Amino acid sequence: MESIINRINQQKFWSFHGGVHPPEQKTLTNQKPIKPLSLPEQLIIPLQQHIGRQGDLLVQVGDHVLKGQPLTKSTNPMAVPVHAPTSGTITAIKHSVIAHPSGLSELCIFLNVDHQDTWVERTPCNDVATLTNQEIVKKIADAGISGMGGAGFPTHIKVDTKPDINFLIINAAECEPYITADDLLMCEHSESIVDGIKILNKLLNPAFILIGIEDNKPKAIEALKKATAGIEKIHVCVVPTEYPAGGEKQLIQILTGKEIKSGTLPIKEGIIMQNVATCYAISEAILHDTPLIQRVVTVTGQALEKPQNVWALLGTPVHYLLSQCGFDNQGMEKTPVIMGGPMMGFSLPTDTVPVIKTTNCILAPSYKEMPSAFEGNSAEVECIRCGQCADVCPTNLLPQELQWSAKAKDYPQLNKLNLSDCIDCGACAYVCPSHIPLVQYYRIAKAEIRQQQQQELKAEKAKARFEARKQRLEKEKRARELKHKKAAEARKAAMNKATPEATEAKSAVAAALARVKAKKAANQKSPSSSAISAPVETTENQDNKKAQVAAAIARAKAKKQAKPAPEIDAKENAKVEPSNTDSKKAKIAAAVAKAKAKKSQEKAPIQGQEQNQEQTDSLSLADKKANAIAKAKAKALAKKQASSNNDSSTASDLTIASTAESEPAIDEKDAKKAAVIAKAKAKALAKKNKESNTDNKVSEKNTVNVEPRKVQNTSETSTINDTNNISDKDAKKAAIIAKAKAKALAKKKLATQSVSEEKTMHEQEKGAK
Amino acid sequence: MTDTSSTVNHNIDDNNEQPQKEAANYDEYKELAIQGLWKNNPGLVQLLGLCPLLAVTATVTNAIGLGLATLLVLLCSNITVSAIRHWVPKEIRIPIFVLIIAAFVTCVQLLMNAYTFGLYQSLGIFLPLIVTNCAIIGRAEAYASKQPIKQAAFDGLMMGLGFALVLIVLGAIREILGQGTLFDGANLLLGDWASSLRIEVLELNSDFLLAILPPGAFIVMGFLIAIKNAIDNKIKEKNTINEDKVIERVRVNFDS
Amino acid sequence: MTLLIAILVFGLIAALFGALLGYASIRFKVDADPIVEQIDAILPQTQCGQCGYPGCKPYAQAVADGEAINKCAPGGEDTIKKIADLMGVEAEPLDESHEKDNRPKVAFIIEEDCIGCTKCIQACPVDAILGAAKQMHTIIADECTGCDLCVAPCPVDCIEMRVVPETTQNWLWDLNSIPVQQID
Amino acid sequence: MTDYLLLLVATVLVNNFVLVQFLGLCPFMGVSSRTETAIGMSFATIFVMTVASLLSYLVTTYLLVPLNIEYLTTMSFILVIAVVVQFTEMVVHKTSASLYRLLGIFLPLITTNCAVLGVALLNLRSHHNFFESIIYGFGASVGFSLVLVMFSAMREKLANADVPTPFKGAAIAMITAGLMSLAFMGFTGLVKL
Amino acid sequence: MAFWIASSPHNHNQQSTSSLMRLVIFAAIPGIIAQWYFFGWGNLIHIGIAMITAMLCEFIVLSLREKRITEQLFDGSALLTAMLIGICLPAFAPWWITVIGTIFAIAIAKHLYGGLGHNPFNPAMTGYVMLLISFPLQMTTWQPPISLMEIELSFSNTLTTIFTGFTIDGYSVEQLRTSIDGVTMATPLDTLKTSITMGLTVSETTQSSVFGEHFAVGWEWVNLAFLLGGIFLISKKAIAWQTPVSFLLSLFLCSLIGYTIVPDSSASTMFHWFSGATMLGAFFILTDPVTGATSAKGRLIVGLLAGLLVYLIRVFGGYPDGVAFAVLLCNMSAPLIDQYTRPRTYGHSKDLS
C-alpha cells in the first residue's frame, strides 16, 4: 500500500485497457459560473430517484408543503426519502414519465410552486465532532442522499461504518465529454466538498483519501489542491484524460492498480468510492441540515443558445431547463435530447421528464456535432470483426463476439464471454466502423438474462410448491378415502331406518357403490365412474341435503374426466353444511349452471354418458322431454331464483318463466342440446346394457325416482334461495351467469342446430329398448 | 433432383391403381416409398453413408455400381434382419446386424470380383466399406428389426433406391462438370459392349477439375441438399393451410 | 475343411470377445442415467400440461424416452435450445399447435365476480391461489406460473390471464417501443 | 524413423481421411456442432482407431492368412471393431458421465464409422507392417480429429451466420467441408512416399 | 417537433466499414502500379474484369436475398475481393478464369455464408485456390517480367491475349512466355522448385535470368510496394500489426533454419520475403479481419502458423507458392484459435481472491 502512495506522490499511475478519446466539448460550459435558475411553475418529483425502493408517501393531494419537507419516508434500508424542493401545493400524485431509458411512468408528486420558497425549520450543525457516527449516517439517510455520479446507490448504506478501509476514493474524473457539473462544483464549492470529505473521513476512517481528477480540469485541480492543502491524508491525483476513467473500477485501477474481482464490490478490497457531488451534498446535509433538493446540471449542446451549468431543483421538467438555456430545434423534424453524457446517457422520450438526483447533464446536440445521435440504428452494417471494439474495451471483453452471441440469443455463451462485466461505457460502439449499436445489444441481452435468471428462480420455487402440493394431495386423498369409507358406513346405517322408498333406493345405492368400486379398481380415470357416482349421490336427495348434493353432482358432471375428487368434495360439502338455507348455495348452483353450460357444448359425449343412466328408462316421450328440459334448466338454475316457487310440479313453468326472463331462445336451445346428448347417450347405452344387467336394473329402479327427483331438486334449490332475501349479490350473479350462458349458447347453436328434437327422441326410445 | 421427385410421383401413380381392399397396405407402402426416396432420403436428409456417396461419385458408372451393390446389401440385410428379429437378444442385436451385413457385403464383393473386376478395382475399399454404411445398419435397427419381412424388404428397396438415386445424380453432375461426359467407363460395369454408352455432354477445352476432386464432391453435395431443402420449402409454402391443432392439455390435479 | 476352420475361428474370436465384454460390463457398471432430472431442471416448471403430459417431470421423462423436445410452450425457443443441447440433437421450432404469444402472463381473479367455489384452488398446480370455500379468492401473482389451468374450471369466468405489465424493473430495453412525445 | 514420421504427416495432412479420402464423414457431420463434443469424439476415435488397426493387423497376420480364409477379412475386422467400440463405450460410460452424454449415440456409431474399418482395410492393402499399421491408424485418427475439431469450431461460428434458408444446416456444413478440403489440397505433394 | 430515441453512445468517431475497405484498396495501389510497371497490363485488365463481375454478382445475390442493396453493394468489400483476385492471377490467364474465380469467391465463399462479416474463408483466396486446383494449366501461364520478354506487349495485345489466347499479331501465350534466351518462363518460386527437384542447387538456379540481380526480377519491387502499402495501413490502424509481423517473422525463421541446415537446396530468407505473394498475403489477405483471429494473441498465432505453412508448402509441397493455401488453412483454424486465446476479462484474474 505504501508503494501505491509512493507512486501516487510521484503522480505515476496505472492505466486500464482500452479507452477512447471522444472530442472534448467541455468548453461549451466550463467557463461560465453555475447559474441559479428561477423557480418553475410546477415540479414533478418521482418517488424513486435512485437504485433500491421507493419510500412511503407522507403527503396527500392538496397538501401544502414547505421547502425541504420530506415527502416520503423510508421504511427500508434501500429506500431514501425525497423532499419538497420548494414550497407549494401538491396538485396530483400520479404516474408520469420519469427519467429512465424506458420512457415508462412511475408514481410522481406534482408540486405547484407558490414562489414563496419557505423553508421548513432547519437545525444547522456547526461542529461535526459533536455528532456520533450513527447520527451522521442517519442524517445522511434522512437527507435523501444517493450517489450522484450515475448509479444512485443510497449513500447512507455505503458510508455506514465499515472496518479496514484502505482507500476512500473521491471520483472527480467526470470523463464524459460534455459534462462539467462536477468541474464547476469543485471550482465554486471546493471548501464544502472538502467538508464533506472530512465527514466521510470521520465515518470511514480510511488509510488514505484519493481524489481522482482528470487533467482537463485545471481550475478545479487548483481549487481542490488549495482546499486540501493542510490535510496530509488527502491526495489529489491528476490522471490523464481518457474515457471512461470515471468508471468506478477503471478509476480504482488507475489510482491503485488493483482489479476488483468480477461480481464483487470494491469494499472487498477495502476501497470505497464517492462522487464529489455526493460529498457536497453530505456537507450540506450535515452542516446546514439541507436535504438533497437541488443539484448542478450541465445543460449543454450546440442546439442551445446559452449552454451552461445551472442549479436545478429536483423535479424541474426538462423543457424548463431547455427553455432557460435557449433551445433551438435547428429546423429538424426530430431532435434528440439526452439525459446524461453522450456516451452513456439516454435519449428522453418527452420533455416533461424531471431532473432527479442522478441527473448530471441535459444534452441537446446539433446535427453537425453529433450526427449519429440523429440516425438511430439505421446506419448499422454487418460486423467485419475488425477488433477495434476489443481494443478500446476497458474491461477487456470481446465485444464483437458478444454481439454475435447476443444477436443469436446464445446466453450460455454470453455468460462464458463475461457479458456481465460490461459496464455499458459505449466505447466499443463509439469506435465501431460498422455502426453497430453494440451497447444496445448487450443491454437487451443482459435484461433478458436477468429475466431468465428470475424465471429460473421462479421455476425452482414453482417446482418446490408443486412437489409440496403433490404430497399434500396424496395425503389428503388417503385421509379422504378413510373418511369416505366411514361415511358410507354411516349412510348405510341411516338408510336402514328410512322409508321403503328410500330402502329401495338404498339397494340401488349399494349396487351402484359396488359398481363404483369395481370400476375404480379397474380404471380410476374412467369417465363412467363419475357418471355412476352421480346417481349414488342423487338418491340421497331425498334427504335434506339434496341441494348441496345436487350441486356436487352437477359439478361432478362438469368435470371433464371423472375423478374421485369431486365425489368426495360433494360429501364434504354435505357434511359441512346441513342446512339448506345458506344463500351461498345459490352461488354454487349458479356456478354449476354456468360450468354446465360451458362444458356441455364441448363435452357432449361424455356428459351424455353420465346422464345416460338417469334417462334411459323414462316412461314416455313426454316425460323424457320434460326431463331434458328440466336438466337444461338445472343449468339456468340460479336465474330462476327470482321467480321460483315451492311446488315441484310447476318446475316446467318455472323454467319457462325464467328462460323467458333472460332470453327466450335459451330454453329451446337447451332442450335441443339435451336431445343431442340423449342421442349420444342412447348409443352408448345400448352397449352398456349388453355389458351389465345390473346397470339396467339399477336404472330401472331409479327410473321412477329420477324424473320427479330432478324436478324436485330444481325446485328445492330455488326454494332455498327463495327463503333468503334475494340480495344484490345474487342479482349480480344472475347477471354474470346470463352473460356466460349467452356466450355458451352462441357456441352451442352452431353445434346443434341441425339436429331435430323428434328424431332425437325417437333414437332415445330405441336406446331404451 | 427432378429425377427423384418424378420417381416419387411415378410410384404413387402405380400404387393408385391397386384395389381398394389393400388401401391400408397401399398407404403404408406409399409412405415407405416417399420416406425412402424423398422425405427421409438416406443421402440427402439423414446424411448417412456419406463416405461412399462422395468418394465414388466421380463418374456415373462408379455411382451406379456402388448404388446397386448397396441396394442389394440393404435389401438382403433388411429381409434377414426382419426374418430373425424375434430370435435376436436385444443387447447384442447391433453386432449381429453388423455381421449379417458384413456377410452380405462379402458376398457382393466376391460377386463383383468375379464379374465386374474393373469396377471392383475402381471402387476400391468402398466396396467392403458398405458394411459401415450407416444407412444400412440404421434401417436394420430402426425399421427392419421391428417390421414383418414384406415391409422390411420394401423399405430396404426404397431406401436403397433413394440412396442409389442420390449417388447417380451426384455422379452425373460431377462427371459432366469434371469431364464433360456421362457413363465413361460403363464397360467396367456392363462389359465391353457398354463402352459405346459413353456420351460426350459438354465439349470443354479445359476440364473443371474441381468437380472431380474431393472439394467438388462436398460442394456439389451441399448444393444438392440445398436444392432439396428449397424444393421442400416451396412445397411447404404451397400447403400452408393452417390446420388448427388442438392442444390436448393434461391436468396435474385431481388424480395425483 | 476351410469352412470348418472359418467357423471354428469365428467361434473362438466371438467367445474371447464375449468374455472380455462380459467382464467389462460388470467391471464398468454404471447407475441409471440422471438425464431426466437434468431435463426437468431446464423446464420452466409451470406444470401447465400444454405438452400433453401432466406436469413438467413427466414430460422430462418422456423427452428422455424420445418424445419431441419442442412441446414446451411456456419455455419457448430457449428451453427447446437448452434441451437440444443437452440431448445432443438439433433444436427445432416450437410445436406449431401452440400459440405464439409467449409473453409472460399471470392469472387474475376479477374479485367481484368470484363466488368462492375453490375450483381454481384445486386446479392450481403450485398453490398460488388463496381463498376458502365461499370466500373470495385471490392470486398470489408472484407465485403464479401463468399456466392458465385455473381459467377453465372457473364456473363464472372470473379468471383471466393478464400480461405482466411492463415496469422499469422488468423492461427489456426495447427502445422501439418508447412512444416519443412532442416537445413544446 | 523418418519414414514413420513422414507416414504420420502424410496420413494426417496429405491424405487426410476426412477431407481427401472421404472416410469417417458421418461422425464428421454428426458430432461437429459443438467443440466440446468434437473433442470428446476425437479422443474416443483416436483410441478406437489405433487399437483397431493394431488388432486387425494381428488378426490378419496370425489368423486369416495362415488359415487361408482371407475372404473373411471384412467380417473379422468388423467384429474386432465392434468389440473395441463396445469396450470403449463401457469405459467412457464409467469414467466420464458427461462425455458419455455428449457423445450420446455416436459412440456406438464408431462401429459404423467407415474410417475405422477403412483404416484396417487400407493397412491391409498397402501391406503395412506392424508399426506402420499402428502409426497409420493413429495418424488417420489424428487427422480425423484435427479437422473434426476445426470444423466444429467453424460450425459454432457459423451457427450465428446469416446463411440463406435452403443452405442452413447440412448444406452449408457440406460446403464448408468442401472449402476445407480445398485448403487441404495445398498439402498435395508435401510428402513423397 | 419530436424527440429522437437512440441508444447510447450518441456520438461516434465517424469511421465506417466502407471507408476502411477503401483505405485497403488505396493502399494496394503502389503494388498494382509496380506490377503494371514490371509485368504489363495483364493484371490491370484482370482486376477490371474481376471488379465488374464482382459487382454484378454481388448485385444479383443481394437482390435475390432481398437485402439493402445500395449500402452493401458499395461497401467496398466486393471490390476488394475482386482486386485481390485480379492481382493474384497470372497475367495471361484467359478472361473466363477471372470470371469463374470471382463468381465462386463472391457467390459461394461469401454470400452462401450470409455475406460480409459471416464468411469463414477469405473469398478472394477461396476463389484463387479453386482456380488453381481446377485449371492448373491456365493458372500457371505466368508472364515473365517485361524486361525479359521477347515480344513487346501493348495494352491491346494483352487484352486480345486474355480474351482470345493470341495477340493481335497471332502470337500464342506460349510464345509470349518464351523469354529472350528462348526458355519458357515461370515465376522464380516455380523455377526454383522445379530445378531443386531436378537436383540443382539454389546457387545454380539463381543464375536463371528470372531471378535478376536480387531475388526475382520485378517481384521484389512488387513485394516492396505492397510492404509500403501495408505499413501505411498499419499506421492508419486499418489493420492489426500482429498478423503481418508474426507471419513475416515466422517465414523468416523457417527459411533461416532451412537455409542453415541445407543451404544448397534452400532459398534465402529474403527470397522468401520478396517473392511470390508474401507481402500481399501478409498485409492484405491474412489481415482480413472477417476470416482471421480476433484477439491479439490469436492473430500472433495465426501469423506464425501461416508463415510455417507457407514455408512448408513452398519447400516441400506440390505448389510453388503456398500463401493462398496457408491463408485458407489459417481461416480454418481461426475459430478454434479464437476459442482458446480469449483475453482475460477485467476482474477475472486467477490471483483475485
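Chains: A, B, C, D and E, in written order; residue numbering restarts at 1 for each.
Everything that follows uses one rule, which is that a residue touches a chain if its C-beta (ideal position, glycine included) is under 8 Å from a C-beta of that chain, and two chains touch if they have at least 3 such contacts.
Since the model is a prediction, treat every value here as computed from it, not as a measurement.
Asker: By CA centroids, point me to the most central chain in this structure.
Answerer: Centroid comparison flags C as closest.
Asker: If I average the CA coordinates per chain, which chain comes out farthest from chain E?
Answerer: Most remote chain from chain E, centroid-wise, comes out as A.
Asker: Quick one: which pair of chains has the most contacts?
Answerer: A-E
Asker: Where the CA atoms of chain B average out and where those of chain C average out, how many Å apart are those spots?
Answerer: 37
Asker: Indicate the whole-number Å distance between the mean C-alpha point of chain B and the mean C-alpha point of chain E.
Answerer: A distance of 42 Å separates the two centres.
Asker: Quick one: chain A and chain D, Cα centre-to-centre, how many Å?
Answerer: 55
Asker: So what's the Cα centroid distance for chain A and chain E, whole Å?
Answerer: It comes to 58 Å between the two C-alpha centres.
Asker: At least two other chains touched by the same residue of chain A: list those residues.
Answerer: 103, 329, 334-335, 337, 349-351, 382, 440, 443, 466, 565
Asker: Residues of chain D touching 2+ other chains?
Answerer: 72, 75, 79, 83, 86, 157, 162, 167, 169, 172, 175, 179, 182, 185
Asker: Which residue numbers or ranges of chain C touch two or more of the other chains?
Answerer: Within chain C, the residues that touch at least two other chains are 47, 55, 122, 125, 175, 178, 180-183.
Asker: Which positions of chain C touch chain A when the two form their complex?
Answerer: 40, 43-47, 55-56, 77-78, 104, 112-113, 115-117, 119, 122, 125-128, 133-134, 142-143, 145, 153, 155-158, 166-168, 170-175, 178-184
Asker: Chain A touches which residues of chain D in the complex?
Answerer: Listed in rising order, the residues of chain D that touch chain A are 157, 159-160, 162.
Asker: Enumerate the contact residues on chain D facing chain C in the complex.
Answerer: 33-34, 37, 59, 63, 67-69, 72, 75-76, 79-80, 83, 86-87, 90-91, 93-94, 97, 101-105, 169
Asker: Contact residues on chain C for chain D in the complex?
Answerer: By the definition above, chain C touches chain D via 2, 5-6, 9-10, 13-14, 17, 20-21, 24-25, 27-30, 33, 35, 85-88, 90.
Asker: Which positions of chain E touch chain D when the two form their complex?
Answerer: Interface residues on chain E, with respect to chain D: 65, 108-109, 111-115, 118, 120-121, 126, 129-130, 133, 309, 312-313, 316-319, 322, 324-326, 328-329, 331-333, 335-336, 338-339.
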